[in-house]
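Each in structure tokens, the structures are laid out below.
Note that subunit A is present in both complexes that follow, paired respectively with subunit B and with subunit C.
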Partner chain A sequence: MRSDTRPALRPRAEHWVAPLEETPLREVDAADSSTTPRSLWAEAWHNLRRNPVFLISAVLILFVLFVAAFPQLFTDQDPRYGNLAQARQDPSAEHPFGTTVQGYDILSRTVWGARTSVTIGFLAMIGTTLIGMVMGSLAGYLGGWVDEVISRITDIFFALPLVLGAIVIATRLGSMTMPIVVLVICLFGWTNIARIMRGAVLSTKTQDYVMASTALGASSTTNLLRHVIPNAIAPVIVTATVNLGVFIVAEATLSFLGVGLPSTSVSWGGDISAARSALRTQPMMLFYPSMALAITVLSFIMLGDAVRDALDPKARKR
Partner chain B sequence: MIWYIGRRLLQMIPVFLGATLLVYGMTFLTGGNPIDTLAGDKPISPAVRTQLEAQFNLDRPFIVQWLLYLKGVLTFDFGVGFNGRPIIDQIAAAFPATAKLAIIAVVVETIFGVAAGVLAGLRKGTVIDTTLLMLSLLVIAVPTFVIGFVVQFFLGVRLDLITINVGRDPSWINLLPPGIVLGAVSFAYVLRLTRTSVAETMTADHVRTATAKGLSRGGVVSKHILRNSLIPVVTFIGADLGMLMGGAIVTENIFNIPGIGTLLFDSIRDNEAPMVVTLVTLLVIVFLVSNLIVDLLYAALDPRIRYAK
Partner chain C sequence: MTAQPTTERPGAASGPAQPLLEIKDLEITFTTSTGPVQGVRKADLEVYPGETVAIVGESGSGKSTTAMSIAHLLPKNGTVTGGQILFEGRDITHVSERQIRTLRGDQLGLVPQDPMSNLNPMWKVGSQLTEALAANGIAKGSAAKRRSVELLEEAGLSDAERRARQYPHEYSGGMKQRALIAMGLAARPKLLVADEPTSALDVTVQQQILDHLDGLTQELGVAVLLITHDLGLAAERAQHLVVMYKGQVVESGPALELLQNPQHPYTQRLIAAAPSLASRRMESAREAAPAHPRPHRVSEPLVTVTEREADTAAPADPTPSGEQDGHGPEFGYGPVNPEAAIQVQNLTKVFPLRGAVPWKTTPFTAVDDVSFELARGTTTAIVGESGSGKSTVAQMVLRLLSPTQGRVLIDAKDVTEYRGADLKALRRRVQPIFQNPYGTLDPMYSIYRTIEEPLRLHGIGDAKSREAKVRDLLDKVALPADMMRRFPNELSGGQRQRIAIARALALDPEIVVCDEAVSALDVLVQDQVLHLLNDLQAELGLSYLFITHDLAVVRQIADNTLVMEQGKVVEQGTTDQVFQDPQQDYTKRLLAAIPGGSIQLAGAEILDVEAPEGPGVEAEAVHPEQVHGDDDPGERFQRPDPV
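Up next, the complex of A and B:
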């Protein structure tokens, strides 16, 4: 079976190509024109709704938010009422999770602690995302010396661990309050968002549609706000979601080191570190707040993973 | 390449200056008189106070103190701590424990993280993959200090297998549990990064070609998949060296190891600015150098990367 059965090469063609009449366009090659094409976000939402990881994490997060909003629905005990006569009790009808060495009801501490941790996590996430997006988009979009300056500032804050900065500020101020904890986390936690935003803006600003917008006379501010940022924001949202979980852990770590919220406030971090000395006699003191914290953080990380998969065009090809 | 290294070294200078200035400013400007902390409950005479302030340059403006400090650093004179011992001696005494701890953490996270990540990535969607992924999520979600407590309590107190209080001049064996705890979170991140990267590389054309030309499975994995998947992992481990120091504060606190983390925590508590700034400077240098090495490793791992201007 040599070349006699093979049709002659087309002019200038280096490979033998089947003539069109032999392999005509079939139905599979047709573009579906019956529906309007979905946007990136509509497509992502379409995929998310079918992802069990997303559904599980969304339900868990909604539950935690509900607990944080209405803690009194889950317990009728006062988390700040310590009754030493009832210290270190095993679970009972009155105290379903038992009591701490100080006679606090563990269930109510765990339930009310959700509010503190979730509030700090959310505010810190919003703050770091705003700072990071502004810094990152300015650096990426303007380039030149602005980029150089912002990138070096980012490097400086990136090189200093959050815990270290927080200890310095906390020891100076003496006592921490919720707004200060949030500010400290914002101050040292924005760098990864800034780096991601910068990278995303750098790759977005050279796209054809941005150039078309410039050609149509759009100002660079309009371009940045209308075209570059909306199209570069996907990886930022993913990181911000994961960051929320990381910040909740960071708050707990500060409490553990004794530079977090004062012991009068009810937070998971504070309760976990208080449980250290009672590990032998009342391990449930460690178990319940740790469990609550871990589940919350886990659901935000899982949510981030699910959103990333939904937004990633490579993974989206079914 | 020389130009690239030179430019990177130049870029390190402003970061170095900025980080020390930031920490110096935070330690000084936010109030608190270090001499009061030094004196403690004992009353201190004005003459002694003036003399101490002069000795530690506390009577000068903050920016002058910083410049004097920088001058000291450049001449390798780090000064004397508030307890009278040279700062460099104190750091040298604390350094070995933390260095060992960091080495254990990095080795554990790299070997186990990459191995588990490759395993999960090659078998994406199977039971092994799901189990490893859940394990990594759990390690990330549970704070390091809780893992530390639990390890210390069950392996140390209950089973008496490990040393609870590691103490001074620790041996490698005693440092193994705290080192593993320190590396645990990074292990989870390395696992996840490697898994994603391996799974992505597996579908690449050159891997299919390698398989098609008859290369064994092991050959494909080690020569074509692993090498191409390692770039994000190497980046992470490089940046992680700096992060480990933050973690070392926690781990050394739990297992009572007198290392850099403990020293840093104590000197921040005691308002001992020269010590804090020296430690942070050291930390920033470690961070910058490890990042530089990472960037140079890129070229070794990926010949496509060229450092054009």
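Up next, the complex of A and C:
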């Protein structure tokens, strides 16, 4: 033993033992049954509920959704009724936000615009998430040439600007409708979900529990559906939430540029575009739809942040 | 402190020595989301100049926390809430950040736990050392460069000048740890705090590094505070031991005295469980069920005829099975033994290594002509260091990888070509238990769903009978039935591993492949799981293929042992044969490297194997051009990098 070769350096080499009553011995690796069982999703929800950012954004989003669902409750004016005799009015009891250059009621335009924006945002979010998840999980899970092909397709669509694509399609079709706007956004917006899904699937598929499941007799498809996708989905949910805000902006951008919804439909982007000409004389015409857009988008991005915090993979290990 | 302190050896001074480091009544509290948690309570500890003191404890015992508090390196939510830390009589418990920074490096060196993540991959190792020297005001410019080469040399790196110009990824794990030791000792500190300095390394490398650290600190008169979970290692390296449990010091005293005469029940328990100190295969607590007799238990040495001949004919040949190299399947295999649970014949796995250009690959033989038998109801261990190909063998037996050559016979049938329904039926009979308790269970699945999964996959029983089975399995692995509503994140590592065992047993397999199944667990928990595995074997007549790097564990659980090195079997026989009469130098080196193997305990027979005179210094076969990391190659190829 090496210890013997060294000189004793300690003046008194006493053997000290802690009193047993102060250091009680516990059972080895005893199961703790004091806490309530909670799944990861329950845990995430538990953390989420305590996050002020989540509470604020959730209240705002619920409000926006409520407005979008029941616009009649917030205004009795027809957003499509333009009365030039009442154009450019300041706020009054009849028109609380005033009227536009065309004599539209700004309040009702803003309220009804929520429905358009939220609908397009949700549909585009669902569409992109579906496309992205399918593409991403196939690329990540199958690997090899499938991965190569899908990744290059993703890169191509990632490189094409949304606005450019929308302009091309709008000029080809002549006029746009809501389903076409959603399709255009889906076509150019699925790439980041696909990339995130691919990365998450790549790291999940090498986990021991996937290997264990294979050894238990699970097929490759079973593994993908039962283990890999459920565990890879958290970052996708975060991105999809943030994307919802981004797509609402995208719709507004397209409408602003005149390649989105036709001017006959009520949307925040269209209204912001219409407000350009009256910016100096009627700043409120720009203010209300812009604020509505900003608050909605901000809420979804904040929600995405809060969800990310709750689903943080580091917190999983505890 | 720039002078060579070899001359001023503090401990050698006469007169009553003052402790270099004194910790009194230390209390450390962590603020967590569920309120304050006391990490350390009433800890007392003294380190005298020049001596080595080891803090021993399991994870969560507060050993690292105590050590880190000395250098004020506690995590953000941890604070010292009571007691004192005295360094050379000076209270450093609450001194300013600037004062502690001059203390670190200059008086107090640190060797971190994980050599892989503690060197900056963007910088040359030499530059990182030079920076450390400059930061401590020891040397600058070219002098610092020269000094850093000297320090690397001192840390036992051959060709230090070239090594200093290399990047960390060109170093193996052991070399990185040597560089970190050089860094810790760069300023000639009076105290070196080494936090599990070798836990991430192979056992032979661990021994070299500790030997070197020992010699170096003794020569320089540096006191060492060694943090370790390994009692055997602590006893071998330190003069004084401090045992911690749940944040408290439960016992301290001279190393040998403490081992031979432990007073506190926790220390007694720890010594009883320490695998490095145990000396024979554990006996089952439960009697073997009469329905499952174990006919082959330690009866016949499991060396095949050819191997035995090879051994006697050429005992010096390091690879007795290597002579069969040319044997392809068309040349036929050895005789089929229908009695064996598994018969592995001439198993070979070649991975294509990515070459310089994507369309070119270099073949890499991870497993080279491995043959063995696993008799029913017994345990065969495959031992080897990282890169030996042992896990690759396990994965081929599990049919998670296909062999390049050779075959795996189960019930005298070659299963390597099984597909579809045959393969699924095979899966029921061969089950794995993996190493990482945190990765082996799907975090999204409740415990019930986890254990039920195999039953559901194979369409066994209805919901009610499946629940009964899950209850029964939980009972078998000694966990309460209400555990099944819980999720993996609520369980400890040992409990997760027991769930993994329950899942593996759900299909009533005959063979269980344990791939480092207990390596990640604390000593006591490891002991518990090993006993559980052993009892289950007696009760259910299971055959185990036990893959591990830990020879001490092998001795406790295995009937037969295979030693693998670089893809080849270098030695195989009964565990007793291999341990008492090792034939190969490599096996001898491995055995000699078991920490604490030569410490005598009351009632235990000692295992004393002389290390052979070998190439010694660098046991790691490292080619500077071709270092890819220390993990098992099989694993490396199988898992694609997330790009």
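Definition applied: the second predicted complex is superposed on the first by the 277 of 318 C-alpha atoms of A that agree within 3 Å, B and C clash if a C-alpha of one lies under 4 Å from a C-alpha of the other, contacts with A are read in each partner's own complex, and residues count from 1 in each chain.
Please note the rule applied: contacts are C-beta pairs under 8 Å (C-beta built on N, C-alpha and C of every residue); 3 or more make two chains touch, one makes a residue touch a chain.
None of the values given here were measured: they were computed from a predicted structure.
Q: Is A:256 contacted by the first partner subunit B, the second partner subunit C, both or neither?
A: first
Q: In the superposed arrangement, does A:172 touch subunit B (first), subunit C (second), both or neither?
A: Once the two structures are laid over each other on A, A:172 reaches subunit B alone.
Q: Which partner does A:38 contact after superposing on A: first (subunit B), second (subunit C), both, neither?
A: So A:38 only meets subunit C here.
Q: Quick one: classify A:230 as touching subunit B (first), subunit C (second), both or neither.
A: So A:230 only meets subunit C here.
Q: For subunit A, which side has the bigger count of touched residues, subunit B or subunit C?
A: Result: the larger residue contact count on subunit A belongs to C.
Q: Looking at A:152, would you say it contacts subunit B, subunit C, both, or neither? Reply first, second, both or neither.
A: First partner only.
Q: Kindly classify A:143 by the partners it touches after superposition: subunit B alone (first), subunit C alone (second), both, or neither?
A: Second partner only, subunit C.
Q: A:206 in the overlay: touching subunit B, subunit C, both, or neither? Say first, second, both or neither.
A: Only subunit C is touched by A:206; subunit B is not.
Q: Looking at the overlay, what does A:216 touch: subunit B (first), subunit C (second), both, or neither?
A: The answer is second: A:216 touches subunit C but not subunit B.
Q: Contact residues on subunit A for subunit C in the complex?
A: Subunit A residues touching subunit C: 1-3, 6-11, 13-18, 20, 22-23, 25-26, 28-29, 31-33, 35, 37-40, 43, 143, 199, 202-203, 206-209, 211-218, 222, 227, 230-231, 316-318.
Q: Flag every residue of subunit A that touches subunit B in the complex, lowest number first.
A: Residues 152-153, 155-165, 167-169, 171-173, 245, 249, 252-253, 256-257, 269, 272-273, 275-276, 279-280, 283, 286, 290, 293-295, 297-298, 301-302, 314 of subunit A touch subunit B in their complex.
Q: Per the contact definition, I'd like the list of subunit B residues that touch subunit A in the complex.
A: Against subunit A, the touching part of subunit B is residues 11, 14-15, 18-19, 22-23, 26-27, 30-32, 137-138, 140-146, 149-150, 153, 157, 200, 239, 242-243, 245-247, 249-250, 253, 264-265, 268-269, 271, 276, 280, 283-284, 287-288.
Q: Where on subunit C is subunit A touching in the complex?
A: Residues 11-12, 16-17, 42, 44, 46, 48-52, 214, 218, 235-240, 245-246, 248-258, 261, 263-266, 269, 398-400, 423-424, 427-428, 430-432, 434-436, 438-444, 446, 453-454, 457-458, 479-480, 482-483, 485-487, 489-492, 494-495, 500, 503, 507, 524-525, 528, 598-599, 638-640, 642-643 of subunit C touch subunit A in their complex.
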